[in-house]
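Below are two complexes that have chain A in common, paired first with chain B and then with chain C.
Here is the complex of A and B:
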């Protein structure tokens, strides 16, 4: 940034800090909310205990459909987590200014969903106590190992991308609020890394964030491409596709954007931060959501229309099941409510208003979850080898109550992590909002 | 479940077999009989097979609880079943029709007869008829023996079948035998089955250009075609009659399917290269955090103040 000097406007900073720090702290309402989530989570954990005790037989998965709701849910979690890369990485590097107030919320989603994604995979394991064997005896030839590697790496990078821009804010908060409980101010002190707003500190911080925003893009591409390869490296109908990597990635942008809109909407209203998370931000988010929807639609077109035109043997059965068969209702719901309708509706500015955009995003997010179900399960129901005399429950997958409870539990966990982060730390980057670049005339004259 | 049944019903109706009435078994199959008398051990074996393959549709025999398909699968203890001859039951199990799958490839002849023995145990007043012995020159009570040999000049594999009747060796004529060679996965049938001649010998053409193991050995197994009548007798021999092939084992070299130590180098380098690169920068950022922490001790001069 030669010729330009980085400055924080004190009056501006004061106002933003007052507004943003006001909702921070574990209030009574937050306690009630967490108590509710905890009770629900305990019920779900009990369901997992039953599964751990009795094995995967308590799920709907059998010999034929050995990947069920858990894997679909895993793909959904990874997809949602990718919003961190879209906002901080892609939009950040493109220099979009409107992302500033929502960038931290995007990273919060990334951290909470990436953290739980690893657990979701463990829930799909019949013998979770053997998890360590993946690292001890993992084969680099297997996409499973790549997946474990990239999920872990992405979680670390996302956490750093969340933590780094938070450091100056924590220092600002420490200097202002004295009503904080002792443990909280200790956390703030620890994580503010003795921040003194030293220009050299800022320089290091900018450089680190820059490195991470570049690094997060290939890592996020890797995480979701590898997730798609878990399926696409098999020759099975519905998975055997060369566009599966970008198809998953663009799908992840849609899922992540929808999740971001919902999160921003909730925070805007419950924290009364309408001034920062304003209609203009929603308008921009709505446009971005529409853009990623269009791109994803393009990949859907390729993914379904090309095999549907050729109707090769096994593909034909698969396509038939999706278009008019057993999975048709779910398939058309995901395509219409989750993709085509939003594309059209978002053309109108009115539809990009906070409340309308939130409702559209809710549909998109729910459809996105079912879309993952559509990707994983129907293919498994149609093996290549001729089968006969199989018990009915092997052929037709039906998730059980226990399975559903464990899945709900994973969503609860992600919401809990998000809630704690949203109450423990400021949700809008204070210093970045107060940032000003002034022409450094002194430097130029020298 | 419900939807699935509806789907099947829809399928049945659409294929037009709903209206199809009786299940007609070809006349020559109707009279087929078991060569052995049903015993309680056969019934027990049959009960096991029934539990794994049949219960899901037919329910437990005698309890009249088949699943509600159209046409109904029926209770095997009922008259719908007992009215059949043994041959008809055998044919229907083996061939199947519409929703009743064919068990030809799932159940052997012996398995099928065991299931019939089990079903028959529910039919009151059933009297079994056993098939008459097939006409051969095998004396009653004789034990059979089989041998394998190779004639290099004629390029033929000989299978010799001998009946041993109280010390007397009688060549068995007119019985079909087949040979198979062991390969990586499963077995390779060699030629067509052949009948033994008057000397009890069946000769089967052998192609000596087939690949064998490192010293040219090939593992051959001979058996009867009609195991129902002649039994499961087999003879297996390693014969040095093929081309010696010294191909490295499939797991000898670096390959996608091998262990991590024998992974292809390109994948090893790509993976490790990616991981090391990314983590190098992550560690670099972590060290920057340390520097930030260290800078916290430095005084910030008024001139350097960022906040103004």
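Here is the complex of A and C:
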């Protein structure tokens, strides 16, 4: 996306367009997939209806553990959405060329997870019908206000970063495909904004994308730092930490990268796009995943070992529960399978092959979800003052079926949005890929 | 015999005068903030008996013909606007004498009845504490600390929980969105949530009542509830329910501005600063900087036997 000596290689463009546009369209398989997701989602929405009707009593949350799986899941969603910023923002501005074929997939993840994150938080509310109060009576000193603001901003910027580079592609597709259903070609017509591939248009496009990639970095930093502050502004042991902002942010990179690898792997195989989403791209993604794991591991060291060295009263109980207590299995799973093992395994090139990297990423992603559980719940189980005169089930948190179903529902929703985007529009930026080849040739001749 | 009787008469008088005093102040505060009740004001003068001076809600004094006067029943909105301001000139403060608590749990029962709570919900809860392995356990009633630097108030996104000028932290369950951020922020774990329909849900359905923010009743599903120092009682000039329910003289309650607190059992009024000085009063978790409005007197020279060692659910 240099923009200076921009030219599209016509023959390359033609081939890429044919390959990338082939899987576009709502096929029979897609219909079946969406039908399955819809049925599952309806079941989950019914679980939410029960919760709405009976109150949060149907969850495992009680007065002591008053935040549970929903908040953990919310943090996970925000974390996953951050991959858009890592790829388009950080890697894009650093000028890495290998991100081109995966950049749009990263933005698709960002959009679908950021959009559902807001709903996840609504599902945790005792009075969801009073959501508007946040805008009517909002108080600026509450981190929730900051969170609402930055999550919305991030969703807008990510959507623009998804839609703007799509404009030339939709114009290309409009000029070629004729088997498209009428409504789809109308959507293409509308969203391509009468694009004529004029150099002036491209110049404007480059400029806007450039501004957005710069803007998305502070916004993404803000969204996850603020999310960490939801916990870090309280005095509770386990949350009362000064590294929580960067700890969450670096953790988000790990989560997002793992999600990206899985998405790219699925698309590469089901869309037969191995030529573009090739081994080299996976090798690069593997290296980036390893890098962010190392950085996140560094923050984990600080977060756990420093309090563990001092063993101050309330911290000691918390650390004990995590290291050898009730949450030890989950804690060590997140640390080993989600962090330490991937760091070592990814040293070998063989482990960065598509299938191996995908398996590693699956472990990392699952561990990342449980890591959020580990961050939220154990701290709530051990307040400063003793918990007494309450029934046992009110003291120990145990997620219920309904709570789990609502959580699964949120994941289904994100997958549905991602699936629709992946079938409605081309998943690889056609024009950017064509541009890359031109520049490479020019470099060779010099 | 006579001296004993005299004493009890005196304390009875003291109690009455103190009640009357509190009541007067409470009513003036109420009238100033809403203007809706005229009963707190006396007639302006005798030669124009048919006119009465009342203050309107925008704080203007007007005269109204006596025949036009009508007592107004406060609706939710009026109760809210009155409840958000608080009782003028007051700085409520509570002192809990740990040496006298034997965990009778009368404060809890009174509180649960007053605020329509489920048996498992506590605005005030008596905990068995043990500060270190070799020190003896003691009973500690734990109401809301009504912190001057309240973490719960800072984090509330919608101003549903707020600090009044008289020091009380209230919750408006008509506005609360149920995010429970305040519960996460409170280091004393004093806030509770209405996870299900409130205890008196049936009664609310049969006899609908206006929401009184100062007592936080009716309770509402999906909202946070908390100790409110029985702000409705304070407005009437009475002591908070827990304070007056205690059979053992554990609680003192009063006004920091007056530097006086009254014992809920004996109704004896003492100087706050002297009590705290003499008995080495302290506040819970001073190091967190929350500046609580509840003071504790250490469990020294206990009146009752020490309780059994506590189970803290820490394992």
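Rule of thumb we're sticking to: the second predicted complex is superposed on the first by the 431 of 446 C-alpha atoms of A that agree within 3 Å, B and C clash if a C-alpha of one lies under 4 Å from a C-alpha of the other, contacts with A are read in each partner's own complex, and residues count from 1 in each chain.
Please note the rule applied: a residue touches a chain if its C-beta (ideal position, glycine included) is under 8 Å from a C-beta of that chain, and two chains touch if they have at least 3 such contacts.
Quantities reported herein were computed from a predicted structural model and do not represent experimental measurements.
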Chain C versus chain B on the shared chain A, clash or fit after superposition: clash
First (chain B), second (chain C), both or neither touched by A:235: second
First (chain B), second (chain C), both or neither touched by A:126: second
First (chain B), second (chain C), both or neither touched by A:201: first
Partner chain(s) touched by A:329 [first = chain B, second = chain C, both, neither]: neither
First, second, both or neither for A:219, with chain B first and chain C second: first
Contacts of A:141 with chain B and chain C, given as first, second, both or neither: both
Partner chain in contact with A:391 - chain B first, chain C second, else both or neither: both
When the two complexes are fitted on chain A, the stretch of chain C hitting chain B, from 63-71, 99-107 or 189-197: 99-107
Contacts on chain A seen with chain B and repeated with chain C across the two complexes: 137-139, 141, 145, 388-389, 391
Contact set on chain A toward chain C in their complex: 54-57, 61-64, 66-67, 121, 124-128, 130-131, 133-134, 136-139, 141-145, 148, 230-231, 233-236, 317, 325, 380, 382-391, 394-395
Chain A residues touching chain B - in the complex, by the definition given at the top: 6-10, 13, 137-141, 145-146, 149, 153, 156-157, 160, 164, 167, 193-202, 204-205, 207-208, 211-212, 215, 218-219, 222, 326, 388-389, 391-392, 396, 398
Parts of chain C lying in touch with chain A, wherever the complex brings them together: 120-122, 125-129, 142, 151, 154-160, 175-181, 183-185, 187-189, 191-197, 221-224, 285, 288, 310-315
Residues of chain B touching chain A in the complex: 1, 3-4, 7, 53, 56, 101-103, 106, 256-260, 263-264, 267-268, 271-272, 274-275, 278-279, 281-282, 284-286, 288-289, 291-293, 295-298, 300, 304-308
